[in-house]
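Okay, handing you the structure first.
For clarity, chains are labelled A, B, C and D in written order, and residue numbers in each chain start from 1.
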């Protein structure tokens, strides 16, 4: 039986590791138990946001010191998923995911929050954004479910994937071997990789039928989506890292998780439903909720509840920044806390203009 | 008895007057009945936002044609309050406030939405942001209440003031007469003028005691505030224009109004209370709510519910833009519509980091 | 013989028409002689820049009053080319192009600045960004040269084209007729239309060989370019408007024009050469130069003189804004004035990362 | 005799230390000889620019490894001055300043580039932005001149100062001792500290008379300025760090330095004069110039050469970003390189709207 925990720490800036250091030094966290770190950093969340790598690097350096390994090794052992952009009320923070064998006295009855991880093999450039990435991701999701002791897709509530992107040299390498990549545009490759990964998640959970998938499905049919997928692309890896959060009878600890789907950026009802399924009265949410994980995007049809929005036409502020500000505030207004994880870019992650929202709470 | 109405029109851009023109041409609106126009335009809402004057100018030109007067005369007769910034889900729109004598068959029992207007005298530059502006505003608010047939401060639910600012030449003119102005910084003069106007509103409604006011009160004690004030400064006038929205037994029509105070940017409960006081079930809000009027600001202490926000340190996006995105989304998530009026810069308008929110709805 | 003039007016904002009104009222400009107005307005120059239409509308309304025609008719008679974005030192201004029959006493020997105009037919949606637009533009450039009395391509120094773009409904209309458009992305259609128009200019001037052109050439071969082209796309028209500036023996007046090509954003030598070809000592440039017309873009290979620039990766400031700030400052530093026309988006207009620069000066 | 060198390294991002690592590993740079590092990083250069601390931290960590000391100790030994903002053509890079005893065979006749450093004592909060900071800075400048072997103020060409700022807790600490600080606004304290430091430099060089200085002089009289001052405020220190670059007969090496003052943002002539004083033909500048150090600001009177600029009214892009883009491009257009140091915020550093520009070149 495994004991799984989430620890949410406020930070004073992207380079602030003092909170984690204090927890380690007073023995509250054993760095060897950390399996993943997800964070919101205060950059723009777009191309030139260096707060993500700055934060991940600073945390890895600290953990390397305490684990007495190289920082590179830390980044291989622990999945760092830093999401830039704390627009509006969103508060910069990191969430530590820990997992350890539970002591005999810690055993609990009923299902509890379980964390599982798995990796795909490295992808060839021509596989990114296409079938192989979809299917390998599905396989890894199933492996991560098994790792977490989750036996049914209905117990999967949030799947975070970190996936690779195409660079000019990766595209050239494929061409040199006589293969063409799904796109020659490196920026578009991020969306394709996120989209294929999300489709792979949906395939594993049974939300998406194998027959509905073709290479052309990626980024084409926006309604083909997983309600538990959250994917982000990064330059530092060639494979997919999969983190599954769900409920398992072989997990123990004080935490539980549930999710729902926001159909648009102002769908507060979805968050209320997720709370209700955990038996949380909104008035107690501030006390019981440990964190919320959600995806946000500007509705691609230019409308929210039938009225025009201007997020997609704003050349001063990127639409993902608008979307995080809006969705973050809506969720915060329901759960009463602003240190929540709301990430932009939701290809195949929930319906167009909406997205998944998962709540981790004390039981 | 007066019949007061609000008509909310979506626009396709700041220069789009086609909606109003169509209403006038098919007789749905008599331009002679329009007393005020409030709008959200899609500029940045800050210094170099020209969408406000563009929209006001286009509407005035259209109304001038229909009223067969000069555009300048239109701007004197009708109060145009254009607020820039439709961040996040906020939808660009205009709200037309009309008022006309009610026909005998239109009389209703009970209080209904009433609209009143009044003007102060022109201010001398040295009076702006100081006692004379506070007291003249209070006097004008009382006059606008009388104009609306509102007999008790408890029936006042929203007071919009448009107030002047200091320019270099106005400051110089005062100096030439041996007088000093409250500030020599033209940008700060906008905040001082908004703040003094808000204090004047609070004085008129009895929310603020005469004894609590001194010149130094303006922008000093952030907790000295009116819960119904919404003020904005503009270069085009030297006096204050006051629009009072409230409930009156001498008004008729299908509309009612209520308000509450958001104590911070995610205080959805305040909006729920305002709806409840009008007997509106949130599920019916989309149908019954005609518009919402609210003020938003980034919490000056850098915290929302105890967690750090980054709105005040963001040198790429002005804090007022963050605040409107957040507050606009929270209100929209409760009332189910995004064409709502959320304006930034809330000096003495509700508590620090919060602000007034007024709901106009069908009865 | 025609007398051609340029009048450059500073403006206090996009809605400021007072300078033109004053010129008309004291008889310095006859509105009937105005053939084109080019301006720099202070918006962001990108998608949601409303200062362009605001400025054009305000000027058209003023001219309509003086010409006693409708504003629509003014926009048909006079070409308004408003370019948004006055980054860095660039100063908002408008340039009036006037043309009238010269009096007998005004005749001069030698070539002088000549202005010619022509229009293409309306384009079908499927023609935009493709061969028909290229060839029709070339034909119109030749017509505009004839209109200006310019007999050799070597006397053409600046060709401004205003061209249409694709909208969703225009794309749908083509599809309904069984035709496909060059792109389904409305934003990309602007680049395609600008690019095809620039290629058409190059075809007319002989800079580009007919044989080098194929549909695929548009936006593909960035080195295929005209050194006198400046093109911008707008939603308000379906045809191309062509303004040719050059030297003609049948023109008279005090003005002359020359041009050169900046090979990158800091190529001050190109501006020095253009001045030299007009016999202008840089020390006298401030006095003799009437205006400069140039295109700017961020070097697509990410380098300027071999060093990395960050313009294309900046998600806070659009690359066109960076490019205008840089190129505008370089030109201003040579000619000693900041009210100059520097416009972004230079597809097929000069070499990648560089662009044409034309100088109009007193003889 | 000391040998002083500058090494300019391009970087691929704020965390990129590979170039320095390579130089150290192949013995081209001895880390023990590095006395200062100045860099341009690609953040916004304003409040929430974390690229400065990220870059400084990464470099310090690398040097700590090679020097076998703690990173903190590195930051004490070596002055890191990171300036954010590479707008327009500016290219991210770092400049390493090294100094070592010269070998007998290295001796040269005539003056060469000399680098000197000195520190003030720690300042009390109430001393910042006031007389004590001014006078202590002047004393440290004289000490740094002595350290560099510079005997006359005429041989000082660039003085970089890193100075402290006020934080809320520093202000409170002063109040607790019954002292008031020059401002209670932490952001304004940066300008005050930069301004006082610049005045101190001017005092040491004799450009500013003791009698012209009073506390009120700081930020009041913008024409009171040093033509060699470049100051920047940081939260990480309580004293001033002073780096003096100049010419000395006791220095050797291949480098020389000269400076001039740009009177406005487009004053290319100043850069030409600086080159000329080093005997550099502009055509050879690309080859001979090692780096340029300059300060930029938006002209506070809103004009450049008499025409209105819009930098100070742009609520989307901070004026310092506009100014760096413009001044950086002008300098780059003269010296033919874009990896140059142009920093914003020029209080008392050159005339209003202008700034010092120093050129380091190979002899």
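As a working rule, contacts are C-beta pairs under 8 Å (C-beta built on N, C-alpha and C of every residue); 3 or more make two chains touch, one makes a residue touch a chain.
Just so you know, these numbers come straight off a predicted model, no measurement behind them.
Undergrad: So which of B-D, A-C or A-B is the twin of C-D, meaning more than half of its contact pairs are the same residue numbers?
TA: Selected pair, repeating C-D: A-B.
Undergrad: Report same or different for the chain A and chain B interface, where same means the shared residue numbers exceed half of all residue numbers found there.
TA: Looking at both copies, the contact residues mostly coincide.
Undergrad: So, what's the distance in Å between the C-alpha centres of chain C and chain A?
TA: Here chain A and chain C have centroids separated by 47 Å.
Undergrad: Quick one: chain B and chain C, Cα centre-to-centre, how many Å?
TA: That gives a centre separation of 42 Å.
Undergrad: Approximately how many whole Å separate the CA-defined centres of chain A and chain D?
TA: Taking the average C-alpha coordinate of chain A and of chain D, the gap between them is 42 Å.
Undergrad: Counting only residues that touch at least two other chains, what does the list for chain D look like?
TA: Within chain D, residues 42, 44, 48, 310, 313, 316 contact more than one other chain.
Undergrad: Where on chain B is chain A touching in the complex?
TA: Contact set of chain B toward chain A: 10, 12, 42, 44, 86-93, 265-268, 286, 304-305, 307-311, 313-314, 316-317, 321-323, 325-330, 332-334, 336-339.
Undergrad: Help me check something: in the complex, which residues belonging to chain B touch chain C?
TA: 13-15, 42-43, 48, 50-51, 53-54, 57-58, 61, 316
Undergrad: Applying the document's contact rule, which stretches of chain C touch chain A when the two form their complex?
TA: Within the complex, chain C touches chain A at residues 44, 46-49, 310, 313-316, 318.
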